[in-house]
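Read through the structures below before going on.
After this come two complexes, each holding chain A, first together with chain B and then together with chain C.
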Partner chain A sequence: IMLKGMTRLVSRVHKAKHGEQHVGQHYNISIQELKTVFPHGLPPRFVMQVKTFNEACLMVRKPALELLHYLKNTNFAHPAVRYVLYGEKGTGKTLSLCHIIHFCAKQDWLILHIPDAHLWVKNCRDLLQSTYNKQRFDQPLEASIWLKNFKTANERFLSQIKVQDKYVWNKRESTEKGSPLAEVVEQGIMRVRNATDAVGIVLKELKRQSSLGVFRLLVAVDGVNALWGRTTLKREDKSPITPEELALIYNLRKMVKNDWQGGAIVLTVSQTGSLFKPRKAYLPQELLGKEGFDTLDPFIPILVSNYNPKEFEGCIQYYLENNWLQHEKAHTEEGKKELLFLSNRNPGLLERLCAYL
Partner chain B sequence: MAAPSLPAWLALQTRARTLRAFSAAVSPVTGAQRLSPPTTERTSKHERAPRRKALPPRTEKMSVDQDWPSVYPVAAPFKPSAVPLPVRMGYPVKRGVPMAKEGNLELLKIPNFLHLTPVAIKKHCEALKDFCTEWPAALDSDEKCEKHFPIEIDTADYISSGPSIRNPKARVVTLRVKLSSLNLDDHAKKKLIKLVGDRYCKSTDVLTIKTDRCPLKRQNYDYAMYLLTVLYHESWKTEEWEKKKTEADMEEYVWKDSASEKNILETLFQIKAAEKNTELSKEELLSTKEVEDYKNSVVSLKNEGDNENTISQYKESVKRLLHLM
Partner chain C sequence: MAGHAPCSAPLPGSLADPAPICAGAVCRPCPIALRPAPPAPNMAAPSVSCGAAVPYRLFLAGRVSFAREQGLWKAAASGLQTGTRCQILRLKHSPAVTTKKNVAALRRESYTVDFIKKQIEEFNIGKRHLANMMGEDPETFTQEDVDRAITYLFPSGLFEKRARPIMKHPEEIFPKQRAVQWGEDGRPFHFLFYTGKQSYYSLMHEAYGKVLHAEERQDQLRAKGLFSEKSKSKDPIGSRWLIKEELEEMLVEKLSDQDYAQFIRLLERLSALPCDAAEEEFVGRFRRTVTVQSKKHLIEPLQYDEQGMAFSTGQGKRKTANAEAVVYGHGSGKIEINGVDYLLYFPVTQDREQLMFPFHFLDRLGKHDVTCTVSGGGRSSQAGAIRLAMSRALCSFITEDEVEWMRQAGLLTTDPRVRERKKPGQEGARRKFTWKKR
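== the complex of A and B ==
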């Protein structure tokens, strides 16, 4: 693939070489990689853009670079460090997270990616009483969908990792100690009733074994503030359910604690999709609440802000090169100034505006 | 009885005539009435005094340096002919301007303070000076007033012309005091604030007690002073059940024994264990500079909320703690 225009940097091979001077430039991810690394988790508008342009290009930006720097210097003997990406709506938190995930996938980490934790606390149709613990509730649909995507993303690891306990599913089926993790995942996908428990087991095993240093684990959760907020789910007697009564949320909470070694935890807090939070809220304490903050403390907060002028230029150039901006005034200085004024350099807004041009 | 009846009849005639003329002028209702007025109208027009032309408004005769308090000595409705200002009020129609002051109901509806111009108030003050005593010379600044007289009492007296001089609104007494002038220690201050609730304003540090439950002003004043005394003494006492104060009751964030402290200690212990460091005492860890910084940043984050400053401080301290530079 030839280099398109001066502002592009096609570096499919050495993502590790992204540095300060590359801020504002785009790098390419091939479509096949996209299918394996991101079976879920890309924002829907970005997926549409990928389909239109027939290529996936992410912009290199400062918050992601900062995080990459920390990740490169992690000490895997220390407990996992938590990084929280926060920022106003549309500034690029999810895409920065995807950048990190892609980097780690290239470096051969095991990616545990929950695309949107808010999806697990609202609009769930069937809630079953958990077989493992009578107090909690299972969400078979969500769990099975997630397991399918997890399998696609981490195919090669599933056969290597062996479970260290015997798990009995029901009278006839059980998973023996020492069998590969792929069996647990298969069981969850086949028997939807046990999907939530399968997810719980996967999380537990991964946590335990990454501390042994077999592999490196990246836990990436988008919208982590859903874990400590409220849910819109109700029991049959219309009494509300708190998040910890959902087995998925309960296990995920255990995952984002820093009592394991051998990896990193990257989280985003977002208001889009959150329940009962005001629209303007974007600061970590506002969205996480007291409980969330106390659980995640100590963490490193990383602000994701609007584009700086260089990044804004880069974005406009990218759209122009792909012939996305059809308006005749789009490439003039006044056109750019107008776009700057209308979008205030907010990436999400800019993308929506350019869609009309 | 012709003599007395004649003038009586004449009086009746004139009265009827004026009545009929009046009714003819105002509302010609029936034909019968219309028939009779022509005869009476002609006669009454000649006999009646000619109608005066409207005089120019008083404003045209006003000089610029006139004595305004004599135009409006008391609160009076707005008289457009007596106020020389070209005031306009009202919502304009399309491509129009607000209505002028002549015949403007809006200007009549609102309260006006034309009787309280600075000149008028100066005159009132001059008149009242004879009834006042001198301001004490020693109290020439606000701080001295506050120091010697920390408690401020607000009362209102009402005068009106009517059958009774009593006004039930006059019994309200408001007591204002700054808590910094009361001798309270930390626990007492927090307890007092919790006891009074809404009556304390945090930004100005003023406790306001408004009483009106007694029928007399004197009684309300005594009650307010009693309340202040009781609050003061009660807040100094510590009850048995106050020891059960939980984290949810705390007014501000306290670092000691908090979840944050536990987390950071656990993390540090694990780091040390990984590095096979054996200086694992809790006090030593807590006294290192990085932990101090971290503690301050968390306290400011919780108490002041999120802003750029606190978040960046927190970030730096965490980075230093976890050796992530």
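== the complex of A and C ==
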């Protein structure tokens, strides 16, 4: 039986009221919300932890707080601002992104969350030639999965937003102008062949309509450096494909350009899933490459670093409370110092280390 | 050096070579059984009759004169027989090549004084040549310089240090042998010769005499009332009794364990009594110092850089990886390797645990900052090398006791394990090819 309630040392704070003094403390997300807001997008280890502890707790950290502050003060009349979270491996970029997403979801924004752009540029089994544009390639599987998750995340918006163009899928099916976006999404899920095009349509519509001010749009892409790197996919004649030739990537690039208003773009660059990038690269310039950097150029970089001592303490306390650290020395000062040294306060490493204890 | 056949003519004038202890010719006189060279070889009379015709090459007792008169029979005519068993009719020719392998002779190879002298001269001349070759002054060329020169000129990769080429004084190379213990008339010099272990028993006799003497003196003192308890001042000082091998080497004869134990017991008894200077000196001959200092290596003093921060350097090696570490006092536990944080440089936890070990051992986990450079080797050996370098650098910051604990924990020792070479005829260093029955 876990200790619940007031005896908890780690306090849970209401997320809207996050402030500077809450750094290092965890806040709770109920499982219900988790299913709605994050059908995809949480790192797999975190999902396992959630399953183990039966609750989802994110730590409040400075980079996230900074971003939240900016988001709260955004002027929606201006073009969307781009924020790039960068940092070494395992410092918590993805989880910070999830924090932002959760906040925005609570504030009733429309979340456009691509969990990992790297998944779209590698290991694709079936590439079809795009129906819309002969030069490009479709990825039906990935697109349909994403559409499913998108639907779960943003159910309530899909019925409200109306499509402003007529789209003909094939001889028999078409979507009329003015029909809800849900139909497009349904079409994409049913007809896997048109899934990629459905995604393209969704992105275009959302971009167009968020400028109108009906809703606020948050574009969150994890691993955005995949959009401008190389892919491991090849055509039938074994010649490599550049990312532009993938329809999904092409549309996403359009999304990430800041030529629309009424929302914000939060991006993460990560080396972990990246292709052909050295292990030690973590700066946006290195990971995005020249092209990507130029495209994204006016952006606000936010460094996500290892835990500071307070956060580290908080994390250890959280594990101890959930009886996760079984080693007898884990409670003692020396144990903590050892963990500190071994993980050098890197959250990912700490989590992996504690998994053994 | 001529091996000699232990043959002895059964003729009366023969100088039978007794089997056991002393082989005939000798290089160095035994310290205890030291006997001055007897005057003239023609002491004993009826030597000449004994088969001088046979050109035996008998190398006899450590006298140059004998060596000169090799072929002739010597005057030890009164027939030395150790046992009454005469070696009758063991007239053996000893040509240069024997068909039968003479194991006994090979075991007791004896060296003439001449031979040894020649070796010493050759060694000295060689030393001068070597000094010349190395460009150093022949006059002041010490044995250490010789060793260094030899390791330079003949580099050997053999792991066994004793198998490597050496150039040492012949005294250290040729084993000590005893002089012949009997004179020309065959009578042994030492009165305890027939005990078999003359030097050992004479030593025991001497020691016991001293014990009796000391006890007598003690009784006298007690009678006079001037007896005072003597405080043992010898043992706590780092010294130990000779070990059996050392005693054997000193006496140049074999001892048994019981003999050795008896001797040590006697010496202990002697040292327990009030001794005077002569006895102390006697006992001192059988003690060796145990140097604790030799285990400790030099502790470097702390250095201070511009800001006044104390730091210290150390070097470490492990299996072709070389590392140099600079440990600063008053840090926060950051470690930087080749300009990269240790978390990035060693993604494997095992390597980071190796780095953690010295600090964790001394309970100084978050207190020092380290900057180090490392090259060569692989992941694991680089970690080991850095660990060694860090421990050595840390020595300047901690007390002597802690240094000793670190040494005992193995933090300060270079790991001697190196990759073993692959041998021909085998697949690897140890692995042999698959054995096929047919």
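Quick notes on this structure:
Operating definition for what follows: the second predicted complex is superposed on the first by the 343 of 357 C-alpha atoms of A that agree within 3 Å, B and C clash if a C-alpha of one lies under 4 Å from a C-alpha of the other, contacts with A are read in each partner's own complex, and residues count from 1 in each chain.
By our rule, a residue touches a chain if its C-beta (ideal position, glycine included) is under 8 Å from a C-beta of that chain, and two chains touch if they have at least 3 such contacts.
None of these values were measured; they are calculated from a predicted model.
After superposition on chain A, the partners chain B and chain C collide with one another. Of the two partner chains placed by the overlay, only chain C lies in contact with A:L349; chain B stays clear of it. In the superposition on chain A, A:P79 contacts chain B only, with no contact to chain C.
By the touch criterion defined above, A:E66 reaches neither chain B nor chain C.
In the superposition on chain A, contact is made by A:E338 with chain C only, not with chain B. Of the two partners chain B and chain C, more residues of chain A are touched by B. Of the two partner chains placed by superposition, only chain B is touched by A:I300; chain C is not. Look at A:E88: by the touch rule set out above, it reaches chain C but stays clear of chain B. Once both structures are laid onto chain A, the chain B stretch out of 4-12, 22-30, 58-66 or 112-120 that overlaps chain C is 58-66. Residues 88, 280, 334, 337-338, 340-344, 346, 349, 353 of chain A touch chain C in their complex. Interface residues of chain A, counted against chain B in their complex, comprise 70, 73, 75, 77-79, 81, 258-259, 261, 283-286, 294-295, 297-303. For chain B in complex with chain A, the residues that touch the partner chain are 258-260, 263-264, 266-267, 270-271, 274-275, 294, 298, 301-302, 305-306, 311, 314-315, 318-319, 321-324. Here chain C touches chain A in the complex through residues 333, 340-344, 349, 352-353, 356, 359-360, 363, 365-366, going by the rule given at the top.
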